[in-house]
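What follows is chain A paired twice: with chain B in the first complex and chain C in the second.
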Partner chain A sequence: MVSELAVTGIGVIAPTGIGLDAFWKAAEQGNCVLDRVDRLAGTGYPVRVAGEVRGFDPAEALEGRIIVQTDLFTQFALAAADLALTDAGLDPSTLDPFEVGVVTASYSGGVEFGQREIQALWRDGPDHVGPYQSIAWFYAASTGQISIRRGLKGPCGVLVTDEAGGLDAIAHAGRAIRRGARAMLVGGTEAPLSSPFALACQFGTGLLSASDDPYTAYLPFTDAAAGYVPAEGGALFVLEDRRAAEARGGEVWGVVAGHGTTFSGLNRFDPGGEGLVAAIRAALAEAGCAPEEVDVVFADAVGTRAADDAEAAAIRAVLGANVPVTAPKTGYGRGYAASAALDVAAALASLEHGVVPPTPNVTATRVDLDVVTHLARRVEPRSALVLARGLGGSNSALLLRRASG
Partner chain B sequence: MTTGRQVAVTGVGVVAPGGIGVPAFWDMLTAGRTATRLATLFDATRFRSKVAAECDWDPAAHGLSADRARRMDRYVQFAAVAAAEAVADAGLDLDREDPWRVGTSMGSAVGGTTRLEQDYVVTSDTGRRWVVDHHRISPFLHLALTPSVLAAEIAEQVGARGPVQTVSTGCTAGLDAVGYAAQLVEEGRADVMVAGAAESPISPIAMSCFDAIQATSVRNDDPEHASRPFDRDRDGFVMGEGAAVLVLEELDRALARGAHVYCRLAGFATFGNAYHMTGLTREGLEMAEAITRALDHARMAPEDVDYVNAHGSGTRQNDRHETNAVKRALGAHAYATPMSSIKSMIGHSLGAIGAIELAACALAMAHGVVPPTANLTHPDPECDLDYVPGTARERELRAVLSVGSGFGGFQSAVVLARAGGRRW
Partner chain C sequence: MSARELEPQELAEVITTVAGVTVTARSLTDPPTRTFADLGLDSLALLGVVAELSRRYGIPSRAEALECRTPRDLMAFVNDEIRSGV
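Right, the complex of A and B next:
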């Protein structure tokens, strides 16, 4: 019988920094690193501002033979996995390899690698497609590469549920632990900025901010909301049965206490927030958590009026208007399946440090919620609720609890 | 982990090459006919492998409105038609179900690649531009970029509001999507899961991927015999396409409403081989572990298995890997158990095939017939099990094992067991 699902390791590759310390420091200070991106300059695209991971050198993190056969999204995942294992103080080679598995959430796979190879195919012919296309582009690339590089033979999985993927993957990994896995690496990374084609595929959603001003491009919950700013990077976690983790002397960042997921209709955000309400209630029910025990909400914060209003209505309907709500991602962007993974990292750090980070750049809000703006707030939260929704109709909620007390 | 909740399979729907709809599909499998042919869906002139198993597809003829057909990629269309058949077969009136207790779990390895490629060619000026012309991009192309649309479209169709997920574990996605769905029913997260997988990868980019690593058959002068699992003269897999959908329900409620129960989904396990993204070990240790754990989950012994539906892709390495894995997991019983590969007839539809194979297993149990392995005329001496060459065989099937193996190292196993009789 599993005691509790404990997060014992966090590995972050974010626009605001590599490693949890840099990421958290930026979040706590409310730093905004959104910027006009060189890779998009001169494209004429209606997206200029993004959250770009700077200072990540794949050659420093990974072996050359891995780099040539992977897309950037998988390189992020491999590096984040290493950081998470180190943080957990867990050397998987000391465990039965069948007891440690990997689950990642993906949205669009290895898009830059894929675009290079499809270009070779159509410009130069079928015999110009390289041998690694078949393993670098597909959505399962990161799970497979992590499993191989770290020798993990346990339950391996890949979920694709839009932006909700980061939360759903954690729930799925928890399921694997309840069914006997000793530890799971889980999370999601994305690299949507390096492929002009993949980025252009998004324009039809009407959700990407076209602003070229980094400080006003992404303002969810405000009258000036004009969509979200895409981001790259992501986070991986080590998840373990709490008793087993503590028995080996592992430190616990926090506990995954409940998860709920619902569907509310393809290609739109549920305007009434009914699907999100049901997801939140399911997460609370699983955790045995009363609404008033939720001390902070990490919002999905899509950044359009309709989606923001629906999210605000859902939060109010279940938790009331007084719970502090934050969206640190306004400082670094919303990264598809990686987005919720980064929110989970921020939420765990928030529980650990007793501080709710602010929502950078957002000042006057249009919603009846206590959105944490300007400065971080000392709240000593015991539990944090993370929300994520996808345009594909997914609504997910994950409830995290502080490790102690 | 035991909750006491068991999972029933109450509906089956299939869209497969040479067999659209369950009756045509089952007729084809039991007759041992092959649907592999020279590819017609794209110009294969400059390709190494020119063979494919294709569906002769007319969405309107299968009840898809022009609007839905226009919006949906080919693989989603397959899934929509298979899901409609499965739900009708289950006799489920989804309007009377609690929508929050109904979910979907659908697998696909490459998703909307075919649609992406079509738009890519136009907007990149046939690969001449790196920065594609965004003015010419379809406003719905994001739905092709991410296969989450697959599970979402099926959820929309059946009115599901519970857990809705696409699973993309490469070529085990079909087994895994159904396996994950069964877990959700067992754990009480849903009472009904519409679960399956779909793929339509017969396009230049997907075909060229496998050309590049010489994984596909080059028997271009004899396409109907190109897929030859376990045969001495096999030379790779034949790309296929299609979809299958199963309706999974909590067993007691299925019995209470008088549903026809094909079988129980009794066991599922998946592991990584942590070895190579495309390579397989000769020993098959990880697939053997998946089989053993799936049997444990089902509370069964190796001797209970009456039929093994093989991955049987027809690559040199797979068929030996798999033969050794089954021997390792089932011991001497492996030699007494028929084991066949329907990929010999309908090709390898990547993420879809695992679900199509589960559909075949459910039908095999219902009919008491083991489908054959076509084209197996000269057995590979290293593949020395009973692969049911050429001709279907009558046999009472109380428990069936289906296995799969995929790029990324995924190794999965599902156990289906008769619903009546002994409760495990």
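Right, the complex of A and C next:
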């Protein structure tokens, strides 16, 4: 019988910093690191501003043998997994390998790697496609590489539900723990900024901000909302049964108390917010949490009028207009599955530190919500709700609770 | 086809570039029984190495080349192919 699902390790690779400490400090201060990105200019698409991870050197984090066979999104995942395990103080080689598994989510996959190899195929012929194309560009690459690197033979999975995947993966890993897994590595990473192919997959949605001003490009919930700014990076977590974690002396960041997910139509964001309402209700029901017990909401914050309105309506419908709502991602971008994972990291740090980080660059909002702007707010939250929607029609909500009551 | 033969130095460079495993010419054959697996190359890595050698030298029997377990065997195999092609 599982006591509670405890997050015992957090590994963050974010545009605002590598490691939870740097990431949280930037979130708490409301730093904005969005910037004009040279790689984007080379893609030929009118997208200029993004959240780029600038402090990450694959050669520092990983062996050369691994680098040649992986896309950047997998390199982020491998590095974040190492950080999460170190943070958890857990060496998986001390556990039964069949009791430790991996679940990752990605929306973009290894598109840069794929584009390079497909160009070689088109230009020079099949003999010029490298063998690692067979493994590197698929969504499953990160889960597979982590499991190989760490010798993990427990339940493994891969989810592709756009941003919602970062939350759904955690729920999926939670089910594995309930079925007997001893520990799970779980999270989401993305590297969607480096190739025309990657941009083509995003630009066609019409949701990307075309602004070239980093400070006004991504302003969800405002009159100036003009889409979102893409980002790369991600986060991985170590998830364990709380009793087992504490028995080994592991420290608990927070508890995954409830998850809900719904599907409300292809190729559009949840019209009206009904799907998100149902997801929030399901997450609260699983957690046994009353609406008034939710102390802070980490919003999806798509940054278009319709999607923002739908999200605001969903939050008001279930939780009312007084719950503090924040979107730290306006400081570093919306990175699909990576973004939901980073929101979970921010929410756990928020519960731990008793502070709700602000929504960078957003000042006057036009929605009837208590959006935390300008400065972090000390509210000692005991529970945090993270929201994420996917363009494919998925809507997810994850309720996290503070480790100590 | 080239009459030039494959030397350990070139194979070491190909392995380093294609498989991402840094090796020296000497480490390939010292001891002579050293296998690709010993060097940290799996079957996909060897596939990439053989494909690159094939682009440089033309190796008609690539499937056989992939059965070589040691750098020493692979160099002998490739050089046989080169000579027979001259």
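In this section, the second predicted complex is superposed on the first by the 402 of 405 C-alpha atoms of A that agree within 3 Å, B and C clash if a C-alpha of one lies under 4 Å from a C-alpha of the other, contacts with A are read in each partner's own complex, and residues count from 1 in each chain.
As a working rule, contacts are C-beta pairs under 8 Å (C-beta built on N, C-alpha and C of every residue); 3 or more make two chains touch, one makes a residue touch a chain.
What you see is a predicted model; the values in this text were computed from it and never measured.
Using the contact criterion defined above for the overlaid structures, shared-chain residue A:A22 touches neither chain B nor chain C, since it reaches no partner. Residue by residue along chain A, chain B and chain C are tallied for touches, and B comes out ahead.
By the touch criterion defined above, A:I67 reaches chain C but does not reach chain B.
Of the two partner chains, both chain B and chain C are touched by A:I135. Of the two partner chains, neither chain B nor chain C is touched by A:A210. Applying the stated contact rule after C-alpha superposition, one finds that A:D127 touches each of chain B and chain C.
With both structures placed on the common chain, the touch criterion links A:L95 to neither chain B nor chain C.
Within the superposed three-chain model, A:R175 lies in touch with chain B and out of touch with chain C [touch as defined at top]. On chain A, the patch touched by chain B and the patch touched by chain C overlap at residues 69, 127, 130-131, 134-135. For chain B in complex with chain A, the residues that touch the partner chain are 1, 46-48, 100, 103-104, 109-111, 116-117, 120-121, 123-124, 126-128, 130-132, 134, 137-149, 151-153, 155-156, 160-170, 173, 176, 180, 183, 187, 204-205, 207-213, 215, 269-278, 286, 289, 406-410.
Residues 16, 18-22, 40, 44-45, 47-48, 51, 54-55 of chain C are the ones touching chain A in the complex.
Chain A meets chain C in the complex at residues 63-69, 127-128, 130-132, 134-135. Chain A makes touch with chain B in their complex at residues 42-46, 69, 97-98, 101-102, 106-108, 111, 115, 117-127, 129-131, 133-135, 137-141, 143-145, 147-148, 150-162, 165, 168, 172, 175, 178-180, 196-198, 200-205, 261-267, 275, 278, 390-394.
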